[in-house]
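Next up, some structures in structure tokens.
Common to both upcoming complexes is chain A, partnered first by chain B, then by chain C.
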Partner chain A sequence: MKRLIHRKKAGLFYPIWFAGPAIVIYGIFYLIPIFFAFVMSFTDWNMNRFMEPVFNGFENFQKLFNDEVFVRSIGNTFLFAVTTTIGKIVLGLALALLLVKPVKGNNIFRTIFYMPCVLSTVVVGILFNAILGRDGLLNEFTAVLGIKPIDWLGSYSTAMLWIILMEIWMWGGFCMFIFISGLQSIPQEYYECAEIEGASKTAKFFKITLPLLMPSFTVVMTLNITGGLKVFDMVYILTNGGPGFDTQVLNTYTYRSFSMGFLGQSCASAVILSVIIVLVTFTVNNFLKKREVEM
Partner chain B sequence: MKKRWLTKACSVALVATMLTGMTACGTTESDGSSPKESSAEASKAEPVEITAMITQSRYYNGLQNMIKKLEEEENISIDVQVVPDEQYEELMKMKLNSGESADIIDYNIPTIYDIVDPEKFFADLSDEAWVDNLLNPNTVLYKGKVYGFPFQSLQGLHGFIYNKAIFEDLGLTVPMTWDEFLDVCETIKNEGDGIVPLHFPKDTWVPQIIITDNMTKALGLEGNAEYGEKLRTNQAKWTDNESFAQVIDYYIDLFNKGYVNEDYLSATYDNSIEAVGTGKAAMHFNGDFFAASVLEAYPDVQLGMFNVPMPTAAEDIISANTASVGFVAYKDSEKLDTVKKVFELWSTPEYADLYFADRAGFPAFKGVNGGDTPDYLTEMKDKYLDTGKYTKAFDAMLGVGVTAVQNYSWVYYLDAPGKGMTGSEVLEKFQSDYESYMKENNQPGF
Partner chain C sequence: MKARRKIEKTFTFFVLLAVGIIYLVPILMMLLGSFKDAGEVLQFNLALPTIWHPENYLYVLETGNILRGYANSLIVTVSAVIVTLLSGAFAGIVIARNSGRSSNALYYYFIFGLTATMQTVTTFALLKVIRLYGSYFGVIMVFVASNLPFTVMSFTSFVKGVPRELDEAASMDGCSPMGIMLKIHLPILKPIMVTNLIIVAISVWNNLMIPLYFFNSSKKMTIPLTIYNFFGMYSRNWHYVFAAMTLTVLPVIILYLCLQKHIVAGMTAGAVKG
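Up next is the complex of A and B:
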């Protein structure tokens, strides 16, 4: 009996030993800060009272939901997450369907479409600032067509539109690769059977391709929704939440709040964002998992 | 035998210790010597490194040359941490609060005294020799003590900077009243072949200057500080003074009349410099440092500067940035002696002249050459500076409230023209943010 316990303990020794460093690092840099931010979100922690935070209950959360800029930033965050996810899926799937076939030169095209997501967001931001400026490339082009120059980043609708388009342009190629791997894993026999049965191309797409591509959809959708809700860099570089506070998203709001010294409030804002991400991601993931088809 | 050897060893150690102590005393004495003497002995000095936190936009060539000279002649190197302007203030507070501050910190003196408690964080420099050489010691005082080292006695004057060639081509003269100013704008708009009368960028600190300047003028030389103090202690509200709303309305009117560049929500500060420098725009409202920056980029352009108050002005004055670019020393720095030596050296003309070599200005110390007054500034200097018709803006009295002003009202000023807001709507909106910010920071009266 003693030997059995000893053997069991010895069996546990190695996994714990190897997982230990990872747990410690994960704990120090991830779990402890999350826990700390959660606790501090219920205090009046401020840059001017750095060492003297006082518990203030739900005051920070109450203030946030009374702030029209915060409410607007929640709306913008959802708008960005949903539209970019749809855009990236449509673009990624279309490119994947085009480039999955062994056509000459498709590797070059795959590389070209994938390239934007390798670029630094800062570089892309500067690039698009040059394109979208009043004297930028886009206005030069539209001037040829006789259209008056537009201040693309100077109004909410166009600024938000370009932030969304930039994100889709950057990450569409990434989604394309996930869809390509999904498409390649669908057995050809299904299509051959459908061919013999006389199924049309549309029928094959909706009855075979789409259902069997559901695992890829789950991955793409989950990754993009989560990434979309966490957006910061794209907005910060292109508009910095402006004009005014029009294009603020939750992360830029949190950053602004932090930089003004409202540390407790920015923790509360980060906690709200985390809760939203967890809820949305789990719901989307569960919904899509149920629709996946066994091959 | 063993005992004798031990006694000898102890004696040698004791003598060595005493000698080292004497050398150390000697070193301490030489620390108090004049900068010239220490320069001569620099080759013998051990290399020392101190750290400095500097705002990105103020890491001028002059300052870089002063740092280089220190390293070459005194063997003192400065590890410079250049921080983007918009992140500077909070990063500075964070570093100070967490005890990880740089040895010296760049900021406007005395503005920093409102933002950080100088008694808690900064070294008292009152007994330093350079204090006696200050031209305007009042600017660095806090409760009778000196906590900051300034470079300037005055940072700059505010007004319209204009491209002279455009005015000459269109036969325009410098306006004296607001109505004349509007006529000039109208002429440039109609006859200027696409030239924008007035250029503003999206950087919120720029368009606010014309508003803050004119609010200050509306309060006048006497009422200015008093009203700022009232706003700081909640004895007055931003909405109380009718002229404040009118100033914003006059400003918005410039946009409505089409006198401002249409891309003011996306143009950058560099675009403003380029626009005035290349003649795409005729005017810009800012501190006179803007003209220096335009001339750095476009040395051949002819610039002028004038002051035209809005009709709300109580008297013909200008607002000036009376705070100086400078440094404070971190109280708990382990290298405070070196820091003090650096300040002592920097106060001498040998070093301080370098600061003004590229950009003429108003030096903080006696005997320092601030360069010749630039042509564009001569008239403004004669009319306002030399006659005492200038004041610092009322918002310099707001203490921590300045952060609220910068983060809310400046954004609203930029946003208001496009959203069809009026001056009173802007101020009502801001008053609520201001109160909330001051309460959050436990300010007395709120």
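Up next is the complex of A and C:
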């Protein structure tokens, strides 16, 4: 009994004000703006009447969904999130499978593949601008093969393709490391047993490796899908939404309405993105968690 | 069987080598281009410069505001990291050690931020209203706030794994709660501190969006924005652009090569827990 009282006392040991700075900073600079974004998305708030926004119901949302560019940017956002996630998983898993075995130069390769992750998107974006321009490095290579120079960022399909490839190039190595640590945690005995039973290589991969790698898939999928939906830098630097408004995504659309002074509309667009992110995260997480197996 | 293994191994090696070259080509192009003259660089190839022009770097240092960008990035990153780590650690300790409804509520208060998205427009308005728009302090606070959910969560789960008996023993010996945190918890928390330090530092250093929204003068711009503006102004002078980029990238790459183990472990641990 005495011990119990002591425990209880110990439980109330740390005064809550130790958490004060974190509570206050996070509350003011993160939560309050989120709350107000929901409110302001129902107003005609703009830069000229900064202090006197008027409620206008669902007008912003109506306008957005009637705007071709906005609908297109939702499409682009999903296209980017899904394709980059698949691409990063394929590249990351392939590299992880090759590098988890002892290969010559193993550590050097790991270092190289991971390097883009620490670079800023701005630098990577400008580098790809140099590569993809009309006189860029890529056209130098294709010229050797006898292909006419292409303005890679000049049309929607190639511009979007390269935004996606650039993201995969940058973060493939990151996924590789998550998969490597996942692969290393699979007990070797499973493979030995399968060997004795005479299982083929493909059977081992699909019956042992993939199912036991599910936790890594959950991490990589949720992380990359939400990250992909939030894309901003990549598009802003490489194409700035162009050519025209073709490669606009939700976050660059929000920034564009913001810089034109349409604050209410910009809030509405950001709110739509947040709702999409929450819905997608929960669905993906639930879907994948069910598929994880006990080791 | 052995011969097949060997073929497989060499095949793997060459596949990796090919992918590795794809990874290195852009960086090599930047490095070589930064030493070329204005005409030669426009060929965008991987040839060595016919005449090396190290003076490109001098020109960029004199005109590009790169050093000011560095100073700004250092101010913002170092302050954001210190404030995030300290306030996050204290909050994490309180949440992990106090039982009951209030600490539970506090936990969900912070966890909410992991699925929510930062709202830039209203944050801009808030900074404007409280007169912090365009100031270092405002931008630092926004960085701290957006990094806190993850930091608090990771500290909470780490402290939960530290045996309570340590606290109790120290308190029996007459140590105050503050003393326990500083003398017992902080040293034990070192590994999770390093993880958070790396995650927060890299994300703040490379962030483009927050300075873009919340700084209004070029005097306070951090490295990513400085480089972006430099690119906008000198887009015809690729040799200068490459030199400017090399200047900003080299320190990061050198740091990465030295601290690689910690960085990779930190960033992947962060991902797995997030």
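Throughout what follows, the second predicted complex is superposed on the first by the 277 of 295 C-alpha atoms of A that agree within 3 Å, B and C clash if a C-alpha of one lies under 4 Å from a C-alpha of the other, contacts with A are read in each partner's own complex, and residues count from 1 in each chain.
Heads up, the rule we're going with is that a residue touches a chain if its C-beta (ideal position, glycine included) is under 8 Å from a C-beta of that chain, and two chains touch if they have at least 3 such contacts.
Since the structure is predicted, the reported quantities are computational estimates derived from the model, not experimental observations.
Peer 1: Is A:A203 touching anything from chain B or chain C once the two structures are fitted on A? First, second, both or neither.
Peer 2: Neither partner.
Peer 1: Name the contact category of A:L161: first (chain B only), second (chain C only), both, or neither.
Peer 2: neither
Peer 1: Which partner does A:D151 contact after superposing on A: first (chain B), second (chain C), both, neither?
Peer 2: So A:D151 only meets chain B here.
Peer 1: Please tell me which partner, chain B or chain C, touches more residues of chain A.
Peer 2: C
Peer 1: Identify the partner contact of A:V71: answer first if only chain B is touched, second if only chain C is, both if each is, neither if none is.
Peer 2: Neither chain B nor chain C is touched by A:V71.
Peer 1: Of the two partner chains, chain B (first) and chain C (second), which one does A:F258 touch, if any: first, second, both, or neither?
Peer 2: A:F258 sits against chain B and chain C alike.
Peer 1: Please work out whether A:V54 is in contact with chain B alone, chain C alone, both, or neither, and reply first, second, both or neither.
Peer 2: Neither partner.
Peer 1: Please indicate which partner A:R134 is in contact with in the superposed arrangement: first for chain B, second for chain C, both, or neither.
Peer 2: first
Peer 1: Considering only touches as defined above, state whether A:W169 meets chain B (first), chain C (second), both or neither.
Peer 2: Once the two structures are laid over each other on A, A:W169 reaches chain C alone.
Peer 1: Where on chain A do chain B and chain C both make contact?
Peer 2: Common to the two interfaces on chain A: residues 50, 133, 258.
Peer 1: Tell me, which parts of chain C touch chain A in their complex?
Peer 2: It is residues 9, 12-13, 15-16, 19-20, 22-27, 29-30, 33, 42-46, 83, 86-88, 90-91, 93-95, 97-100, 102-103, 106, 109-110, 112-113, 115-126, 128, 141-142, 144-146, 148-149, 152, 164, 167-168, 171, 177-178, 181, 202, 205-206, 208-209, 212-213, 223-225, 227-228, 231, 238, 241-242, 245, 248-249, 252-253, 255-257, 260, 263-264, 267-268, 271-272, 274 of chain C that touch chain A.
Peer 1: Can you tell me which positions in chain A touch chain C when the two form their complex?
Peer 2: Residues 6, 10-16, 18-19, 21-23, 25-26, 28-34, 36-37, 40, 50, 95, 98-99, 101, 103-105, 108-124, 126-131, 133, 135-137, 140, 169, 173-174, 177-178, 181, 219, 223, 230, 232-233, 236-237, 251, 254-255, 258, 263, 266-267, 270-271, 273-274, 277-278, 281.
Peer 1: In the complex formed with chain B, which residues of chain A make contact?
Peer 2: For this pair, the touching residues of chain A are 44, 46-51, 63, 132-134, 151-155, 242-245, 256, 258-262.
Peer 1: Touching residues of chain B toward chain A in the complex: what are they?
Peer 2: My answer: residues 86-87, 90, 93-94, 97-98, 202, 262-267, 400, 403, 407, 411-412, 414-415, 418-419, 436-437, 440-442.
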